[in-house]
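Shared chain: chain A. Partners: chain B in the first complex, chain C in the second.
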Partner chain A sequence: MALPLQPGLTPTEVAFLCEMETVTVVPRQRLESLPLISGPTPALRPPHRSPLPLWLALLLKRQRRANILPPPWLHPQSLDKILKYETETSPEGFSPPPPHPYLLTTRPASTDTISPPFLPSSTAGAPAGYLPYHWLELGEILLEACPDDLPDPNRIRTQLRDLREVRMAKIRHRTKDLEGGGITSLRGVGAMEVSEGRGFIVGVMDGIRKLGSNREVARREREEYEGGEGGISDEGEEMEYE
Partner chain B sequence: QADLQALTRVWVNERGSFDLLQWPQDGLMDRVTSLIKLQISKVEDMTGDMNPKTNFGLIIIQTEVERWKFLLRSYLRCRIAKIDKYTLHYLSTPALQGRLSEIEVAYATRHQQLLHNHYLGSFLSSFPPPLQNLNDTAGGLNMIGGPDEDSAVFARGLGKGLGDDGRVLVRGRGRDQDEEAEVSRGEIVVARWADLQEHVENGEMELV
Partner chain C sequence: MATTTQLRIQARPAHTIGTTRLAYTPDGTRLVTVGPNDFARVFRTESDGEPTTVDGLPEDNLAVNATNEYFVLGSEDGTVSKYPFDTMSFDKFLVRSTLPIRDLAISPDGGWCAVASDELVVKIVNTSDINEVMYLRDLPKPVKHLSFDPSGNYIALSCTDGNIYVYSLLEDTPELMRKIGDLIRTVESNSEITSKVAWHPDGRAFAVATATRDIQVMSRGDWENQRTFKDGHNGDVTALDWSPNGAMLATAGKDRQVLLWESNTQKIIAKYDYANVIDIAWHPIKNIISFTTSDGEVFIYPDFVPADNTFLVKMSIQPAPFIHDPLSELSKNIRRPATINQKEVPYRGGRQGTPDSVGVLLGDVMDDDEDDFVVDDDGAGYALGLNVNGKRPNGDIDPFDGPLSKRHNALSWEPTYHESFQPGATPWRGNRKYLCLNLIGFVWSVDQDSHHTVTVEFYDHEFHRDFHFTDTFLYDKACLNENGTLFSSSINGDKPASIFYRPHETWTARADWRTELPKGEDVTAISLSDSFVTVTTTANYVRIYTLFGIPYKVYRQKSSPTVTCASWRDYVLTMGNGPVGADGSTKLLYTIHNIKRDEVCQSEDVVALPDDVILKSVFFSDNGDPCIYDSTGTLLTLLHWRTPAQAIWVPLLDTKLLSRLASGRKTETYFPVAVADNKFHCIILKGGDQYPYFPRPLLSEFGFEIPISAVPKKVSEEDDAFTEEEENELKKLEGDYVLKSLLTAQQEDLIEATKSSHAQRTALQRMEVEIDKTLIQMIAVECREGEERGMRALEMVCLLRDRTGRMVEAAGKVAERYGRTVLGEKIREVGEQRLMNVDEED
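And then the complex of A and B:
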């Protein structure tokens, strides 16, 4: 009964996680508020918009009871701007993630530690020009489920593909930095990119660490020796190889 | 709603690391199981009333129950896999054993007993008595294998640290040099598990 998977989320699990994001929906039929486990859904009265989790929005869309409003960052102009930023302005790092809607105050609040997929980064009120954490999954799901709600879906499809290629190339390039250093920051990376690159990057880091473990131990001893009182360091210490 | 977020975070953390993390101490699991049970009984009540209009609402509620059950099941199966892999390691010290819930401790002990009896039956009894111990610590090498603590993981800063703007100071140990980095909220880093472990347990960072 044990889970046979490696550590790390699979792409299907990332898609599951993404389905918990909130999107704005324009209902076509009335629906009363349902008592779900995570709280009651807002009552749907057309033509008022209401925020719903993505899985519910997809269900309604498939039964033609609602239309989904695309988030502002999924428009062709916004994607164009982001693509230009990625290729020209910052060829090394990724484009910045959307600003957190709940500001940090001096007193710790419960909204401080909300992370995606519970941040409202894909509703109609979200800021355009930033790629939220689940951008790839959300874009693909929306393209597949509701192309009639999106303006110019073919162009959006090609833009998403271009963005994906550019960013994956950057990730592969950054693995070079992992060689010697201890910690690397990947600001602005997306969920699917993390799961795709996880196997590769973890393998690289582990392999380099195991190959270089002897060198690392020698370096630490050297630093201790230089920083300490100058005692004789232990030579011939046995290294345990996993 | 907060329970859903907590359950998701706990699930992602457990799936992201290969070391067994702390069982949530604040009664989260009991609350989640009771919520699911309540909802299932509600569904059974509503199924008796075969009105085509409320039928659709029933479908939605059932879908959501399935989603919660998936999260719960995946979390528990992930933990069972880790317990199976390193049973003796987690049962060895009371500190590590404190990470398991009581049911898991019972499962781990029974699992270990079964394995031990199986080995005894198959080949251990034909070994000379001094070599029959499964947790032999003589000779400087520990026979109980633990999870590899220096493997790499992806983590996100949660904005609860002590620096300004809630940054968390993380010391990363590398091969050629040790680096220190400040991780602000929403930023994702790759580092060794041993360095990030205390931050994740404090709640200052979460795995991705």
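And then the complex of A and C:
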């Protein structure tokens, strides 16, 4: 019996992965370095900022032992800029992801293949104006866990919602291009968006495939019926699909 | 109060019942009144004759203003017309509006006339060319009053929506500077109640009538509430005006009273019973006040200020009633020793006993001994302090201009002193001030008039509990560290200056101590280290106490007047004004003294500051290296300071070159807090602020970036991106190399001077390896660039610190990897040479 799970990650799983993202905290009390599997955490000394994994930061925040510094892209002005990019500058494409924090040069380096959540794309030093891979989950988590650390949380909430709607509409729109097995770029699309869109896109693709296979069967039958004279018209029909 | 002896002034029936307004000409010779009927009256000062009547006006004139040559009036039919005094007849219309004119203001230079009508736009017309008009648009509701500040650079609009809008006229197009809500009440434009902004003549503050019938003073620079003229009127205020020198304020209210206040004390000097007064004007020079009523009457009141207060009329411009005058605080810091002035003018001693002289009132000031310059400690808020005769020196020049302009006074040249300051403290803003901001926590004080409340908060909430207390000693300086808090208060009347230390933790009942300085000696700066308390004073003494209040050492500072001090463990750094440099200002000198060993590390060495640059802060980093931050936004540290005469100032970070400012759109400054963990901790100040304010902003941190070369350009997405990128990488590595060498040098010094731990020594070794690694990376970049860069690469090999030859070997390998065989051979030669004679000459 097959596992009753959909292919891909569920939203909760994506949110769980997002908790590996690094954020910057301002501790409110001392904490010695903790030896974790992912490596030792920095020793916390108030008011020095330190990078911590999100799950630990949330734990400390909940116990009022630290404040989380919101990443610069979560600032209302930055979100405004991104929203403007999404709606006006490029109403078709997605806003680009943040530039790779490690210098990409001609020679290959071990840092070239690091991907989220192991990139410092949501620390206080991250660039503003770019949505990182885990933007939606991280934004929601921070809005829920530490609205007091965010500037104007209500505005951020509506902005995130706007962004999400604009981008979801784009993803749905993109399925039109997929008709006939086209390829579309997912550059700049977040983890949660992929996970949410997966069901819809896969469904649509499957439906199209089924329709296509019906037509294919019909064509074969027609070919068989018409015999060997259909060579030229075949090509014409194939052209239609592209 | 002189209510009983007042004579009743007869009203001069000038107009019929209705709104009547008046204005003096700036020279004070004429008084113009307008009212509901179609003529204006022009009274001549000090003549009881019939006023000149100017006929042919529109009816219902609601506003008037005058210059020496002409007067301008605005009427209900929406016209603003100009009437020269020489012809006393209509000259021209300045503006026409579709709705009634409500207020007029002529700029202090007479060039512009601002007009408020019931339209949603304020027009500012050039009085000589009526085609030149500035518009202040986008107002939500009509404007009731407007007023130019004394410099004419700003205009304040009292809008009927209950807000004040202040526009800056410095640019060609007026710019909204500030919207002030919750100050004036919402009144209709035809109401008798006033919401007028009355600028204090010194231009730094203005007064408005609030809904609670008080007069609130607000400062212009920081828009904070200052002193309040309280409990005067029992009805709404209908008119207010400052006396021409700002020493008094006259107000009228619906409670049928006209009140005269003294600005400095906010006390009522006199009360007069006159009903329905709607406009008040002071005579620009004489002790005369004129007011009009809604009955169309004009009162010209000579000797309005009672006889025992007439000295207030003759004073030069007085400072606005600030809670903490920023100027007086500044001047308190400027210590001006017996100057050239005193040598030139034969000293005759203070003039005593003149009735009604300032001296009688400011007795305290006059009591000073003759041999001493009068210290500005009377707390009366004088910007400059008075000289022995109770006169403000150069009072007629602009006393409220900064000290710099004063110094350019041709009569007596004085060197520019560096003012004393307390590192990490901010000046009073409104009634609040940070006494100390550092990485341990922050101390702030709130002025509650009779006392202060001091709050100490820590960043580490587990480590120490926050506390606050009521402070009757009026502490104005504080230091905070892990062990305790140090406070100091200035001389206050008869109370001498005092120092108070409060440890955070004790195992006895009470370990805090307080000590008082000798009479007349004031604190200029304090500092607290793990072992000592340092106090520098106006008597040029450096007083050192142990943490339990035992006086440990007192010595006179060689450079004076003292500027500030800082301390770390046993080291005390004091700064003072030294000899005058070529630019006419004193050179700052510093001395670093090890108190316990009684050694002077650096004696009277120069603080390297460019011309006209002042010191913003001085502190020790967490590694114990002195750091300074100057007004150009540069952070410098002192290298090799433990060896006498070896110290040099090295820049660590130029905040003007930070990449966050590279776009050029941001304008921000930084308030230095500390240097720790090889990072610069500061508070980012936006919008032209000078100091942080409440609520406490977040600390930011920046890594060091020694200013070496121009800011690297952004990598463009073109074909040559890679070469540019390599250049940038090389620049970055070069910067790293210099910075790491500097930090290593500091670490070496530290290890040499102290009983170093094993961890410190290994850290030093690691740092040296790091430098070599950076060099190897640079060699790699050079090798990639090409054969022609080989010489440069070879030079880098010579810079390698490692003496075992391993690093040279690694460099050779790098060269071989990129196929630079010639370079590889040369590197090998260098390596061999180095192994042969380890003891190279320098």
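Basically, the second predicted complex is superposed on the first by the 205 of 242 C-alpha atoms of A that agree within 3 Å, B and C clash if a C-alpha of one lies under 4 Å from a C-alpha of the other, contacts with A are read in each partner's own complex, and residues count from 1 in each chain.
Basically, contacts are C-beta pairs under 8 Å (C-beta built on N, C-alpha and C of every residue); 3 or more make two chains touch, one makes a residue touch a chain.
Please read these numbers as outputs of a predicted model, since none were measured by experiment.
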Q: Determine, under the contact definition given at the top, whether A:47 touches first (chain B), second (chain C), both, or neither.
A: second
Q) Looking at the overlay, does A:26 come into contact with chain B only (first), chain C only (second), both, or neither? A) second
(Q) Looking only at contacts as defined up top, I'd like to know whether chain B or chain C touches more of chain A. (A) B
Q | Residue ranges of chain A touching chain C (in the complex, touch as defined) | A | 26-30, 45-49, 69, 103, 105-106
Q: Could you pull out which chain A residues touch chain B in their complex?
A: 1-5, 7-9, 13, 16-17, 20, 31-32, 34-39, 41, 55-56, 59, 63, 97, 100, 104, 108, 110, 112-115, 117-118, 178-187, 189, 191, 194, 198, 201-202, 205-206, 208-209, 212-213, 215-216, 219, 238, 240, 242
Q.
Which residues of chain B touch chain A once you look at their complex with the stated criterion?
A. 1-5, 8-9, 12, 15-18, 35-36, 39, 42, 56-57, 59-61, 63-65, 67-68, 70, 74, 77-78, 80-81, 84, 140-141, 148, 150-154, 156, 158-160, 165-166, 170-181, 183, 185-192, 195, 203, 206, 208
(Q) Under the definition above, what is the set of chain C residues touching chain A in their complex? (A) 439, 458-463, 676-677, 698-699, 701, 722, 725-726, 729
